[in-house]
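Listed next: structures, encoded as structure tokens.
Common to both upcoming complexes is chain A, partnered first by chain B, then by chain C.
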Partner chain A sequence: MQIKVENLKYTYSPKTPFEKVALDDISFTINDGDTIGIIGSTGSGKSTLCQHFNALIRISHGKIYVGEWELHAKKLNLGALRQAVGMLFQYPEYQLFADTVKEDVAFGPINFGKSKEDADILARYALELVGLDYDEIKDKSPFELSGGQKRRTAIAGIIASRPEVLVLDEPTAGLDPQGKKEILDLVTELKKSYVKTVIMISHNMDEIAEYCNRVIVLNDSKLLYDTTPRELFSDKEKLSLTGLEVPHAVRVKNLLEARGIVLQGTPLTSKEFVELFKGGAPCAK
Partner chain B sequence: MREVSFGQYYPSGSKVHALDARVKLLLTIAFIVMVFLVKSLYAYIAVAAFILLVTLVSRVPVLKVLKSIKAIIFIVIIMSLINLFANAEGKVLWSWWILTISEGGIITAINLALRLIFLVMGTSLLTYTTTPMELTDGMESLMYPLKLIKVPTHDIAIIMSIALRFIPILMEEVDKIMMAQKARGACFDRGGVLKRAKALLPVLIPLFVSAFRRADELALALDARCYNATPNRTKYKQAKLGWGDLVATLVTGVFITLVVAVNNNFWGLY
Partner chain C sequence: MENSTANNVVIKIDNVSYDYRSSSDEFIARGVKNVSLSIGKGEFCVLLGRNGSGKSTLAKLLNGFIVPDSGTITVNGIDTSVDESIYEIRSKVGMVFQNPDNQMVASIIEDDLAFGPENLGIPRDEIEKRITWALETVGMSEHRKRSPNKLSGGQKQRVAIASVLSMLPEILILDESTAMLDPKGRAEVMETAMRLNKEKGMTVILITHYMDEAVGADKVFVLSEGELIGEGTPREIFSNVELVKRAYLELPVASKISLELKESGYDIPFALTDEELAEGICKLK
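Let's turn to the complex of A and B:
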């Protein structure tokens, strides 16, 4: 599903002293199959932008097309849209509520009109996909799980509805490095099945560099760049404008450069860096 | 600054906003007492003029002050109706079955409605122009005499300010949780009362969990910083009386005298 954003503007509490322009004239297109990163400093409007994609925020100015849906239209089938565009909020474990894990995960599918049996099947499938032992966990209360398990349960609650587009608002915030990697690998895994497009907000440039094929940079509620991670991170001028960090691999490369060891190209991951450093030659045993 | 947007605080930086919260509290109390003493139409006009004056000086949009009535309009209507039928003094104008409308009924009904409306407008002017924090600090300061008889006024004040501080946080939380559940297809505005109430469970449960978690964290944080409500704590923001407070008190005083005079037909207007 292609997502097309045209001249999107959004203001919180308009016409009051608390008025705050959160998005200012944003236009870009997300193609089918993209894993797109949305980055920018705190308060730049990333979450606000993403909450538009499944009409949690209704458009006040501008247009958004999500596949067949026109989100700026007056009448909109919210159910179908929200089923197709799954959205994971920051700290999703705070949305758990049901008596059992199974019920919580089945909440989405049931809301989207699935029968109880189908919802249970979908819940089982989703829980197994996120790496939880269904039979062990299904009757537990979500509140007695560990932090990581809660996060996985919440993610299962989104993917159980089988969305085509997955919007993730800082999915790895507050997790340890291992947990981060597991979540992102899961996203990669999902992209091989029914999830076609992933939109991911992150403050972690290593994640963006490794997993995204495109990035959107927001700055002070405006769209600053729409480019690829390699291009963005190889352009020092662009980066200095945004005050963004660079991935570790790029940082090491830049440090080496400052000491006279110039490497050609921009390594995005540690693996790429090693390869580049060795002159592109495969590792010799 | 989303924190202060709670309640009704409407920052415009006017002279009224700059007044000492204690003065505003006392003047509001005086105003309320006065409103309950008023009984003549002319006096009501004077009260309305006073409210308008304060509103203009405070630069809070007049419409906003008027809107504050919306919240109590039902109470006003119901109370007026009860009074309308309950009071049967004076000439009977209309009667049917057990219902009678008399002159006395109409007068008490109008009196009551106007009183309630002015009451709400006056107090909402207070909350429009004073932050919740200033209000609690002001109340604590005004409760000083109670301290002498060992009422823990500071504890009361800190409880109040924590509660007030948490309302916007929890409202934001409600917002977030509702959005998260909507993203999973929850629908809060469909079906009958029972269905709607049930639809709120997925919001209320995470909300309570998070409220308790926050309370725990706050208690820990207070402990970790050795917080205790010792006597003689100093304040970050020292409230000081200024000339503006004197002027406001004088204006209100003059005005109250005026209303009382009009109310008692001092000049023989009617």
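Let's turn to the complex of A and C:
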């Protein structure tokens, strides 16, 4: 399902003294199968943009096409759209609410009109997909779980409705290293299921570099770049405009360059760095 | 063995265990088990360990939120389990938590800073002095008369630190205080903590999941399942591959690369930071 954003503009509290342009003339296309990173400093418009994708924010200027849906149309089947575009907010574990894990995860499908039996089957599948043992966990209170388990339960609650597009707003924030890795590996796993497209907001450039095939850079409410992580992080000039950090491997490459050692290519991860280093002997400038 | 006056030990934890129990005294979860450690005056210490490893339990034990089931904790020679000393302990040990929005009690920043000392009955002109000093220390003086709700996450956490400083603590505990912040906010808080430590000689205990926040510490303590399984300089800790694995820690990317290069036959020393790694590579051949 292709997502096409055309000249999107959004202003908070328009025509008041608090008026603030959050998105200014944004256009880009997300293709089926993309894992696309949305990056930019706090307040650059990342979350505002993402909340448009399932019409949590209705469009005031511009157009968004999500597959067959026209989000700018007056009449919109919100239920069907929100089932197709799953949205995971920051710290989703704070939104767990039901008495048991099973009920919490089945809540979405029931809301979208599934029978209780079907919803239970979907909940089971979703919990297993996120790597939780259904029988062990289904009757527990969500509040008994560990941080990583809670977040996976929250993700299960979204994917139980079988969305084709998954929007993740800082999915690894606040987790320990192991929990982070589990969530990111899970995203990779999910892409082998019915989830075709992932849109991910993150402040962690190492994550973006390793997991995303494309990246959108927002800066001061405007779309600054629509490119690949490798191109973005190879281009020091581009980066200096954004105030963004670079992945550690890129940083080491740049430090080496400053010392007169040039690596051919831009390694995005430690693994790539080691391979690049071993492959082509770095040459002195 | 250690003499608390000779070595300037401010915190001494001696064989402390603590379990979480329900009101009917049923065992819920292990907090910490047989932990012994000491922290010297002016040290910058980092506690590492996965979620549930006992880091926060230890922090809560240090300012007398909870008292040990067995063993003793002394802060400046005062036993935390003695009821009469609890206010003294709490004014000596200041804590800042993860969520900046949960720690503000007033709608104007200076009132937030005054809250603690007012409760202790400190005279008004002394409170004024403390507010001025504390806001200056964290670089937030110009916000004194403003509301905290328009601040960025990093600024809010700096105000939270200032509010703790207004109690003139000797020890500052940051319990994942950078976890919810973006890279800029994290850098602000880390810089503030470092400065308090270097310039004011404040003892800082930092709990974090970000390994790069640990590399500059004087000492690192590693917890796993409630037990202290490692203690040493960042270099000693991170170069201990076994320990890192056992505690589910993550190596800094530079360390990872230096180890992998070494394994591939390059004669390169273990690197903690990107800069060290670049230096190490430059010295090859």
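Here, the second predicted complex is superposed on the first by the 279 of 285 C-alpha atoms of A that agree within 3 Å, B and C clash if a C-alpha of one lies under 4 Å from a C-alpha of the other, contacts with A are read in each partner's own complex, and residues count from 1 in each chain.
Criterion: a contact is a pair of C-beta atoms (placed from the backbone, for glycine too) under 8 Å apart; a residue touches a chain by one contact, two chains touch by 3 or more.
Quantities reported herein were computed from a predicted structural model and do not represent experimental measurements.
Between chain B and chain C, more residues of chain A are touched by C.
When the two complexes are overlaid on their common chain A, residue A:F97 makes contact with chain B while staying clear of chain C. Within the superposed three-chain model, A:F277 lies in touch with chain C and out of touch with chain B [touch as defined at top].
Judged by the touch definition given at the top, the superposed model places A:N111 against chain B, while chain C stays out of reach. Using the contact criterion defined above for the overlaid structures, shared-chain residue A:Q178 touches chain C, although it does not reach chain B.
In the superposed model, A:S161 lies in contact with chain B only, and not with chain C. Once chain A of one complex is fitted onto chain A of the other, the partner contacts of A:Q83 are limited to chain B, with no touch recorded for chain C.
Once chain A of one complex is fitted onto chain A of the other, the partner contacts of A:S146 are limited to chain C, with no touch recorded for chain B.
On chain A, the positions that touch chain B within their shared complex are 13, 17-18, 51, 54, 56, 79, 82-83, 86-87, 89, 92, 94-98, 107-108, 110-112, 143, 157-158, 161.
By the touch criterion given at the top, residues 41-43, 91, 146-148, 173-179, 181, 203, 206, 243, 245, 247-249, 251-252, 255-256, 258-259, 261, 270-271, 273-274, 277-278, 282 of chain A touch chain C in their complex.
Of all the residues in chain B, the ones that touch chain A in their complex are 1-2, 5, 10-12, 173, 176-177, 179-187, 201-203, 205-206, 209-210. Touching chain A in their complex are the following residues of chain C: 50-52, 98, 152-153, 176, 179-180, 182-185, 209, 211, 248-250, 252-254, 256-257, 260-261, 264, 274-275, 277-278, 281-282.
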